Amino acid sequence: MHNFQAVLETIYHDAINADDKGKVATYIPELAHIDKGNLGIHLRTSDGKEYGVGDYNKPFSIQSISKVLALSKAMSLIGEDIWERIDVEPSGNPFNFLSLLEIENGIPRNPLINSGAIVIADVLISNLKNPKEDFLNYVRELTGDNTINFNKAVAHSEKVTGFKNYAAANLLKSFKNLNNPVEDVLDFYFHQCSIEMTCSQLSKAFYLFANKGKCLKNKLHITEQQVKRINALMLTCGFYDEAGEFAFEVGLPGKSGVGGGIVALLPEKFVISTWSPGLNIKGNSKLGMLALEQFTTKTKLSIF
Amino acid sequence: MHNFQAVLETIYHDAINADDKGKVATYIPELAHIDKGNLGIHLRTSDGKEYGVGDYNKPFSIQSISKVLALSKAMSLIGEDIWERIDVEPSGNPFNFLSLLEIENGIPRNPLINSGAIVIADVLISNLKNPKEDFLNYVRELTGDNTINFNKAVAHSEKVTGFKNYAAANLLKSFKNLNNPVEDVLDFYFHQCSIEMTCSQLSKAFYLFANKGKCLKNKLHITEQQVKRINALMLTCGFYDEAGEFAFEVGLPGKSGVGGGIVALLPEKFVISTWSPGLNIKGNSKLGMLALEQFTTKTKLSIF
Amino acid sequence: MHNFQAVLETIYHDAINADDKGKVATYIPELAHIDKGNLGIHLRTSDGKEYGVGDYNKPFSIQSISKVLALSKAMSLIGEDIWERIDVEPSGNPFNFLSLLEIENGIPRNPLINSGAIVIADVLISNLKNPKEDFLNYVRELTGDNTINFNKAVAHSEKVTGFKNYAAANLLKSFKNLNNPVEDVLDFYFHQCSIEMTCSQLSKAFYLFANKGKCLKNKLHITEQQVKRINALMLTCGFYDEAGEFAFEVGLPGKSGVGGGIVALLPEKFVISTWSPGLNIKGNSKLGMLALEQFTTKTKLSIF
Amino acid sequence: MHNFQAVLETIYHDAINADDKGKVATYIPELAHIDKGNLGIHLRTSDGKEYGVGDYNKPFSIQSISKVLALSKAMSLIGEDIWERIDVEPSGNPFNFLSLLEIENGIPRNPLINSGAIVIADVLISNLKNPKEDFLNYVRELTGDNTINFNKAVAHSEKVTGFKNYAAANLLKSFKNLNNPVEDVLDFYFHQCSIEMTCSQLSKAFYLFANKGKCLKNKLHITEQQVKRINALMLTCGFYDEAGEFAFEVGLPGKSGVGGGIVALLPEKFVISTWSPGLNIKGNSKLGMLALEQFTTKTKLSIF
């Protein structure tokens, strides 16, 4: 039996004193000014116990972490039909993100890279009555917290600077892999990414992936089989081109975002969330990666 | 001394009876319904003599042929500064047009592929007072014909279906190689491509490239050095991924468009224009290529 | 508590009756004539119990499965220095295996693709006294079985037809990522791949990866940390461009070979090996994949 | 009427005083030690007059220039069948020379890049009785000079260091686009490249490309149509990824080699050869490019 609170405090202490805290992402101007001295860690075990240190109750922009929640919502709506429009393999290509899409005829490599997540956004728009509200409500329901919201300023910031996402969406459209107008899809996508959550909210929101598809309220959102698919995708594709490194260093399915958040989980055991806005060269939170690596090393709780 | 009229009539006759007349481009809906039985050929020698057969006085959408005229206008405005933003080498990559752009950090391979022409459009917008009007007037001046105009329906047709061009423009923007808004640049670009001309007008418009930079009215628009650059670019990059084939089969600098037009020239000798809307698999006019090949074979007038 | 023998018999029965048994690999002529009606499954639990059905005692060519054993031997010899010459990320590129190697300056994406395994072979040649004999003895020691051997005919068959491997090795050499002569490295590599084992031998050989680095005889070959690295690599990169699919369908670290073998494991629980020579379109054993998918579905024993 | 001798002397003087003379290629060790102060220029007009300055009678390694002579020999032997195995388009891909070959199923982009020239070498081996002797005799016959020879030391130097060529040849072999053993093809290829000639010999050897296929002795080796093809290929593909630049700066069909030689020609007018071993960043002779650019600028003799 682990004394989780003590473990979190130790790793927090080690991480916060690191000389190199990474670099805050600047390509979304609205996110560029956040203090990289922030570090929060939050652990929620499957039996409902919670442990937190540092800034685990400060909200941050979840960014790409939202892709996992969007995927689960889309799977709950249209099931396996998704895989006619998106593949499930790692992309392995940091340096030319549109090339593969072009060569592979507009079929994104997986739903956790931008082009794949844009297709998922398209699925949600086609299948939700009020896409933005309904998706937000889904996240609120998973978390049991109605205070969660979009950050309109961040969404707008991406809208006026997100040229690579416009390039990807238009390329998808040219391959007829978007059914809705580019503007509508990206408006949804930028809102989805702008959702703000705290570490402790994230740990709750991702509980269904550690609990066979059932959320905190014991409601079944996706099947056990779908959970397995999503966890496999997080493990193989959840960390940009550092997925292999994360699988080794941490050994848990997880997802990072350029806002500095990371969430990871061990099925039937726990969900752990970290936030620190300084990123390493691959775009993953520097202190977050360090903390998670230390956590699985110290507790020996990983899938391997 | 060639009897050019007789030569044109012979090659017209041979070409018009070809069983396979190619396929009309369908990706611009407005252009999809043009009869591929059309074939026009027009020759204008440097001493001012003109020869025409078939539909050489029917206007058609010049499309990519406009890239050469836009380039010459841009060079007359800002000179060699253009080459800081565009390279001058063949692209050699039909199958993944955005990949090279991505790998090469937003510097298009040359000004005659779409991404390069979009940068040129950006240059023109920045340097012309009334970009669309001024460019149209440039083309009218070169041709000595004020009836030349945009086809607004074609420009609009591209605007609502040109997703690959939106992808390219946004990718350029993400690399900071567009100074104006994507919408403005593409609005100009789609208008530029929608210009309608006849073969005989085209032969006049391209006269400056066979005449050391001076147009019909003997006005110097670009330097002799700039003409050499443009002709070299037409020869190496003027025919999508069939540039090498065209250089061999025809052996003249030239440019094709998906509207079915082709214009080619022998410096100080002549300009020849053809139009037939059926395209071969590489996107160049099937009968036009055939006619030009026959012309240089029969007359032995090529640069090689 | 599972009745493993009954489970294996059920899934054997289902798989052997599948209409489509895949296609035997023909690119190694020596392997082209093996009957695809063969199917063996063998399970060895960490407490030493063994269960087998079908052809689990027939030897077959382990091919790429050997890459994992070569990697573990290399890590035991030079430790983490390996990662200066090889990366640990999925390659995601089935269609152009040399392209990434070229773009990434001769650093293979991971040690389980051919180019990476060739670098590992180079490491072993540099660090073993009698490379082929020593490596064979390592495999024999892990398995506790001295009858295991190379198949010289298969090694020779690859030597005279393995042009892509020669291309990869020479490209590595051009980037100075091979220290030994190409011929020597490939001679070792082709021998390594030609090793013949049965399913039951494979289950024993891979026991150290389910047992924190200790083999059957309780000898520590690699550290627990190194085991974690190897398991993470098998999960993310063990199945060519079907790694994502395998992670989902089976949910275990594993490795396949074109000889039709697959070995997979659940740390501290079991190793399972299958063999059936008919391959699916991605190069993995068709019936083997089916059997493993059924096994983890029926027993719910996976990492997710 | 130009005073060619005076022109050559002027451009020689300007070039030899350039501060930056480029860098001698080091990847063929045998060539690394040549003094980059060497500069020779030789012009031979179609009416047989010759003009030379500097080191135009010193022999140097023609390297890739030999590809044009090998191509003409191959075309004279098997005609247009060559184009079933090689394309005729610019490659546009300096940075990953094997990638295109892989994606395009082993069909090299053109016969003037290494992979294409290796296929040509394979054609020659299959169609010549004594390949090396016969090819050498062809070059001697074109030049009217029996002293021309291979440099065995240079051929051997490439053999033991030419790993990229081995990679390309093996990749071609894997696509079944080589009929002879890799070793035999490369042995021929390395010998072909090692031929040593002077500028004045080169000007004679290339005379047939300026003379409709007839060599100095008025013997027809290839058809006028084949000459046109070869000249078009030199113009579009003769200068690695600087073909577009050369077409503009010089405006002549030509071919360079890493030994520092360049040969260019104006059909029915002249052949001009230069040699200076210092290379620019694209692998073409720095002073040679400068001299040719000056020559066509001063004389206004180019194809454009």
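Note that the chains are named A, B, C and D in the order they appear, and that numbering of residues resets to 1 at the start of each chain.
Here is the rule we use: a contact is a pair of C-beta atoms (placed from the backbone, for glycine too) under 8 Å apart; a residue touches a chain by one contact, two chains touch by 3 or more.
Note that this is a predicted model, so its numbers are computed, not measured.
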Farthest from subunit A by Cα centre, which chain is it? Let me know.
D
How many angstrom between the C-alpha centroids of subunit C and subunit B?
55
Inter-chain centre distance, subunit C versus subunit D - centres from mean C-alpha coordinates, in Å
47
Among the residues of subunit B, pick out those that touch two or more other chains and give their numbers.
95, 103
Every pair of chains that touch: which are they?
A-B, A-C, B-D, C-D
Contact set on subunit C toward subunit D in their complex
95-99, 102-103, 163-164, 166-168, 170-171, 173-174, 182
So, in the complex, the side of subunit C touching subunit A is made of residues 87-93, 95, 100, 103, 109-110, 227-229, 231-233, 235-237, 241-245, 247-248, 251, 253, 267, 302-304
